[in-house]
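Common to both upcoming complexes is chain A, partnered first by chain B, then by chain C.
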Partner chain A sequence: MTEMEVKFIELDEFRNAMQRERERGMDFLREIVGMDWGEEGLGAIYILENSNTRENTEIGVRTTEREKPQIPTVSDIWQVAELYEREVFDFFGIEFTGHHDLRRLFLRNDWVGHPLRKDYDASETLNPVRLESEPAEEFQREYDIQDDKEMAKIVEKLKILHYDQFIINIGPQHPATHGVLHFHLALEGEEVRKVDIRCGYIHRGIEKMCESRTYPQILPFCDRLDYLSAHQNRHAVCMCIEKALGLELTDRTQYIRTIMDELQRIDSHLLMYSCMAMDMGAITGFIYGFREREKILDIMEEVTGGRLIQNYYVIGGVQADITANFARKVKEYCNDQKMRIKEYYDLFVNNVIFRNRSIGVGVLTREDAISFGATGGTGRASGWACDVRKRYPYAMYDKVEFKEILHTDGDCYARLLVRLEEILESIHIIEQLIDNIPEGEYKVKTKPIIKLPEGRFSASVEGTRGEFGVFIESHGDKSPYRLKFRPTGLPLIAAAHKIMKRCKIADLITIGASLDYVIPDIDR
Partner chain B sequence: MEIKRPKIKSIPYEEFKDNDTLEAMIAQINKERTNVLLGKLDDLINWGRSNSLWSLTFATSCCGIEFMSVGAARYDFARFGFEVTRNSPRQADLIMCAGTITHKMAPVLKRLYDQMAEPKYVVAVGGCAISGGPFKDSYHVLNGIDKIIPVDVYIPGCPPRPEAILYGMMQLQRKVKIEKFLGGKNAHQNRKEIPDEPIIVTNYPTGEDKKE
Partner chain C sequence: MIDFSSIVTAVDCFLESAMPHQLAIVVKCILAAVCALVAYLSFAILMIYMERKVCASFQCRLGPTRVGKWGLLQVFSDVFKMIIKEIIEIKDSDRILYNLAPFLVVMSSIITFSCLPFARGLQVLDFNIGIFFIMAASSFGILGILLAGWSSSNKFSMIGAMRSGGQMISYELSMGLSILTLVVLSGTMQISEITEMQTKGWFIFRGHIPAVIAFIIYLIAGNAETNRAPFDLPEAESELTAGFHTEYSGMGFGFFYVAEFMNMFIIAGIATTIFLGGWAPLYIPGLEGFNHAMCYIPGSIWFIGKTLFIVWVLMWIRWTFPRLRIDQVLVLEWKFLVPIGLINLLIMTICVVMGWTF
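Up next is the complex of A and B:
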């Protein structure tokens, strides 16, 4: 799945073609990559997958119109496309005809220009730092699909939230949103009627910045996307570049990377458990989770020099060799963690208050999980076997034995159980590898200036909260022409909209905690 | 009354790296003279204030996780009187600005700061809050929160270690200890006023330092 063959489809045929793809079983829309090809126009690449047969297709569409580019929507075919298309609209200004709610996703409503276009004017006089809040958008805009290919026009103005309902805002500064996310809710009594999720409060424009950086300079950004799966994010980018270059890694590197990935996964799942406990009012649970997490950070720090953000993987290997104590410390930790995990069950998971607040709350069905592309623990709690480690094994995952944790309830309780059971599974993986780390180089030599061959490359890994993917279009330079990260959190946010509908407002916090999203990863 | 060097329990005065700022502040207050009675009352109030600094939980990205670690079992900032975090700006003494501030977030931060009751402090945690950090030349990142609100303590790092955050908080404690409200001039009055109207901030590098 490294080198991609994109099948380009004419604009008139596009919608029918996409419907045919869906009918033949392509039910998982992995990502929509907005593109600006300069002279050849604007467009998008759709990466599709069949969740049963694991067949992949990449479909491209382009339009030469730059002033008012329009592409038919697919948001009624795959539910996640609703947010993905808003993202592309925000970054490239492509209007999706038929999309029922086309607003900016990340940037302010009064932002001038579309930043990921190649001709974007970045001057600060156009977009100064404003200290007044953005004007609130009250209306949805829907663009009509017209048969005669004339310019589509806004056909309908619908209020996003109806003001006869009770409107409340949660966020952007709120402890239960786990960062800076903004829920705009319409309530009827205690019941949530509609959720309008506003993100972009931590949008740092990483994808645009990557276009002006060399490949090794891109790597530090990956750690700061989803800082709780820093290793995995970097793994994906390194893997994509290594495969494009045809670099063969040493076994030692692969062992170290796999162990580190799994340690990071445990770290993140512990944090998820802790934060969920804290959100539900069980501060003790939080303290216990962080106690064990510190031990992982100690191991990480000894090897990499960093606690939270490690900057460890580099193209061709890892930054530094593991220390002599590494194996002993990891084994000590693993034995300890296996005992401690029982405490979490006694303390929090089997607690009757928590069970009442989470069992049967916020159910996401398997079909919806696939349609929303909600991978990771959320998808697996709904019964969708979406683990990239099993689907497309990388590093050492095809040589170790582990089972993919699946639950079928799809509620908040199942989502927590999946994470806790995955901690044990990760320990199982580490124990198989830790005693057999082969001797050898930890890094292969690369050229001082790394240039990728022309083409489109992609790679994905199992991040801690879903499939983390990288898409690189290279024109043979030392920096990418376009680099797109598949955020693990954005599909979860898209699904949150559906899960939270009709739930009680108090359950909102439980659902948010169990989805386990990280905002800087959503906003990038 | 002469203002003495601030003393906190955990670290001796000489071991702090930055004492010059404090000594300049002390010299300033001493020059302006302080009433003994009110000065002593100030000392008493400051003793209480500096040992119960409650921060607003304002974490936007990575640094927020380290801030959570500081609150958890191993580092436990309650030992030093930072005790609890508050979720409402009305109840908080300081903003721990942990993370990147973007164009969209800037008005929110400013509003939170304005909502806080005086005396209020700002701690900029991490490279992003100090100067924009690794995202300095992004189109959507504010290069340093001191462009919109006054900052008392800067804690560098990406993200800073929990020890660094504790050290920064102790620096703030020392600053709180020498402030005078009753018997002298309020140190806050010396602050540069930040204009209310929107300010234009250059956030793209000029030709010279642009990366190749």
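Up next is the complex of A and C:
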């Protein structure tokens, strides 16, 4: 899945073609990559997958119109497209006809221009640092699909929230949103009537920055996306570049990367368990989880020098060799963790209050999970076998034995159980590798200036909260023409939108905690 | 056993002889109020320190260790910090109610506190409907919480206040029922008399099964009354930031904080008084030597010891359980505790009528 063959479709045919693809069983829209090909026009690449047969197709569409580029929406075919298309609209100004709520997703409503276009004017006079609050959008816009070229006026049809309801803002500064996410809620008593999720408070334009950096300079950004799967994010980018260059890695590198990935996964799942306990008011459960997480961070610190932002993987290998104590410490930790995990069950998971609050709350069905592209623990809790480590094995994952944890309930309880059981699976993987790390170089030599051959490349890894993908379009330069990260959190937010309706305020917090999103990864 | 009533009578006689009757009454009132306040504050400080240490040991931590030996001065420095903090004026708040609310909450808890019998004769308020008075005075605090949420012009506070209104008024009911059960057993509402009766066996043993059920219901309802986990919905920090007291700073917040801790102490104190014999020492019929030895331990130590034990149980619950959801809280009360409490009251009445108690 490295080199991509994109099938371009005419604009008139596009919607029918997409509908045919969906009927053919392509039910998982992995991502929509907005593109600006300059002369050839604006457009998007849709990466589709059949969740049963794992068949892939990449479909492209483009329009030469630059003033008012329009592409028919697919948000009624794949539910996640609603947010993806808002992102493309935000960055490229492509209007998706038929989309029923086309607002900007990340940038302010009063932002001038669309930043990922190649002709974007980044001058500060157009977009000065604004000190006043963003004017809140009150209306949904609907763009009608029309036969003639002229676009219908924006139809301000539905108010997003009715102000005769009791409206509260959960976030951007709120203890339960785990970052700067903003839930705009309309309440009726304790019941949530409508949720409007607003992102972009920590949007840094990483994809735009990548276009002006060399490949090694891109790597540090990856740690700062989903900071709880820093290793996996870098793994994806390194893997994509290495495959494009045709670099062969040493076995030692692969072993180290696999072990570090799994340690990072345990680290993140422990944090998820802890924060869930905290959000439910069980502060002791929180401290228990952090007690063990501290040990992983100590190991990481010894090897990489960092505890959160580690900057460890580089193109062709890893930054530094593992330390002499590494294997011993990891084994000690694994043995300890296997015992400690029982305490979590005794204290929190099997607690009757917690079970009552999480079982049957926020149910995400398998169909919805696929349609929203909610990968990772969330998808597996709904019974969707979406583990990239099994679907497209990379590093050492085809040589180790491990189970893919699947639950079928799709509720908050199942989502927590998946994470806790995955901790044990990760330990199992580490134990198979840790004693057999082969000798050899930890890094292969690369050219001082890395240039990717022309083409489109992609790679994806199993991040801690879903499939993390990287898409690079290279025009043969030392920096990418377009680089797109598949965020693990954005599909989760899209799914949250649906399952949070009609729940209680307290359930909203539980659902948020169980989906386990990380905001910098959503906003990029 | 020391009888504090003799000391009180001596002070009373001295005041009466030294000054005119009217003045003596005023001086006595002031003295009693000062004593109650000092005791209130010292117990508050003790409770805050205890909460920190108990919480820390449940969470594999050490708790405060820096300020003073074993962190003993931590609470004093916290109080100092809170006193010097600015009290922020909230825009669009109802100023009078906003400032009144914390006082209502503290007032209610001080009045209830002064009903607690710390030892024989060591009690500020004691009259023939004491239990009734305690229940009336403690439910007074809800008003303060509701007003705090209402007046601070914050939607989160508002939700917190509404939650606490619904929750506390509901749980008042089953708390009242379980206390009534014991009133049926004792046949009096006067606190000093209730305790006096338990010198020949605590009510929890004498009332056997219905008394134990009433005790458990009382602990659950009492926990809910104090707004502590698993019933801390009014201030659920992961949902409503700090609930009804979000907008309070400085001593306004301090009052709520102190009142919460003292309410826990008061709930435990009432449980001690009516179920565990108050200041009455452990009495086992037939073991005269043992009973005699127990009497050498002063009554105030018995009372405080038993109360702190129940406080410790409440803390244990708090630091173990996650929070309930508001509909679950109300279902627990109206579908389980109230019916059980009513049936239990009936059983107790039958037991007393038939003479099936010890």
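Just so we're on the same page, the second predicted complex is superposed on the first by the 518 of 524 C-alpha atoms of A that agree within 3 Å, B and C clash if a C-alpha of one lies under 4 Å from a C-alpha of the other, contacts with A are read in each partner's own complex, and residues count from 1 in each chain.
One rule holds in what follows: contacts are C-beta pairs under 8 Å (C-beta built on N, C-alpha and C of every residue); 3 or more make two chains touch, one makes a residue touch a chain.
For clarity, every value in this text was computed on a predicted model and none was experimentally measured.
In the superposed model, A:271 makes contact with chain B only, not with chain C. Contacts of A:351 after superposition on the shared chain: chain C is touched, whereas chain B is not.
When both complexes are overlaid on chain A, the residue A:190 reaches chain C alone and has no touch with chain B. Applying the stated contact rule after C-alpha superposition, one finds that A:504 touches chain C and leaves chain B untouched.
Legend: residue contacts after superposition of the two complexes on their common chain; A:220 is shown touching chain B, with no touch to chain C. In the superposed model, A:179 makes contact with chain B only, not with chain C.
Contact with chain C, but none with chain B, is seen for A:279 once the two complexes are overlaid on the shared chain. Between chain B and chain C, B touches the greater number of residues of chain A. In the superposed model, A:133 makes contact with chain B only, not with chain C. In the superposition on chain A, contact of A:294 is made with chain B only, not with chain C.
Under the contact criterion defined above, the residues of chain A that touch both chain B in one complex and chain C in the other are 174-175, 287-288, 291. Listing the residues of chain A that touch chain C in their complex gives 166-168, 174-176, 187, 190, 277-285, 287-288, 291, 347-348, 351, 353-354, 356-357, 504-507, 509. Note for the complex: chain C touches chain A at residues 58-61, 155-156, 159, 163, 229-230, 232-233, 236-241, 319-328.
Those residues of chain B lying in contact with chain A across their complex are 57-62, 64-66, 68-69, 72-74, 87, 99-100, 102-108, 110-112, 134-135, 137-142, 147-148, 158-159, 161, 196-204, 211. By the touch rule above, chain A contacts chain B in their complex via residues 106-108, 115, 120, 122-125, 127-134, 172-175, 179-180, 200-206, 208-209, 212-213, 220-221, 224, 227-228, 271, 274, 286-288, 290-291, 293-294, 297, 307-309, 519-520.
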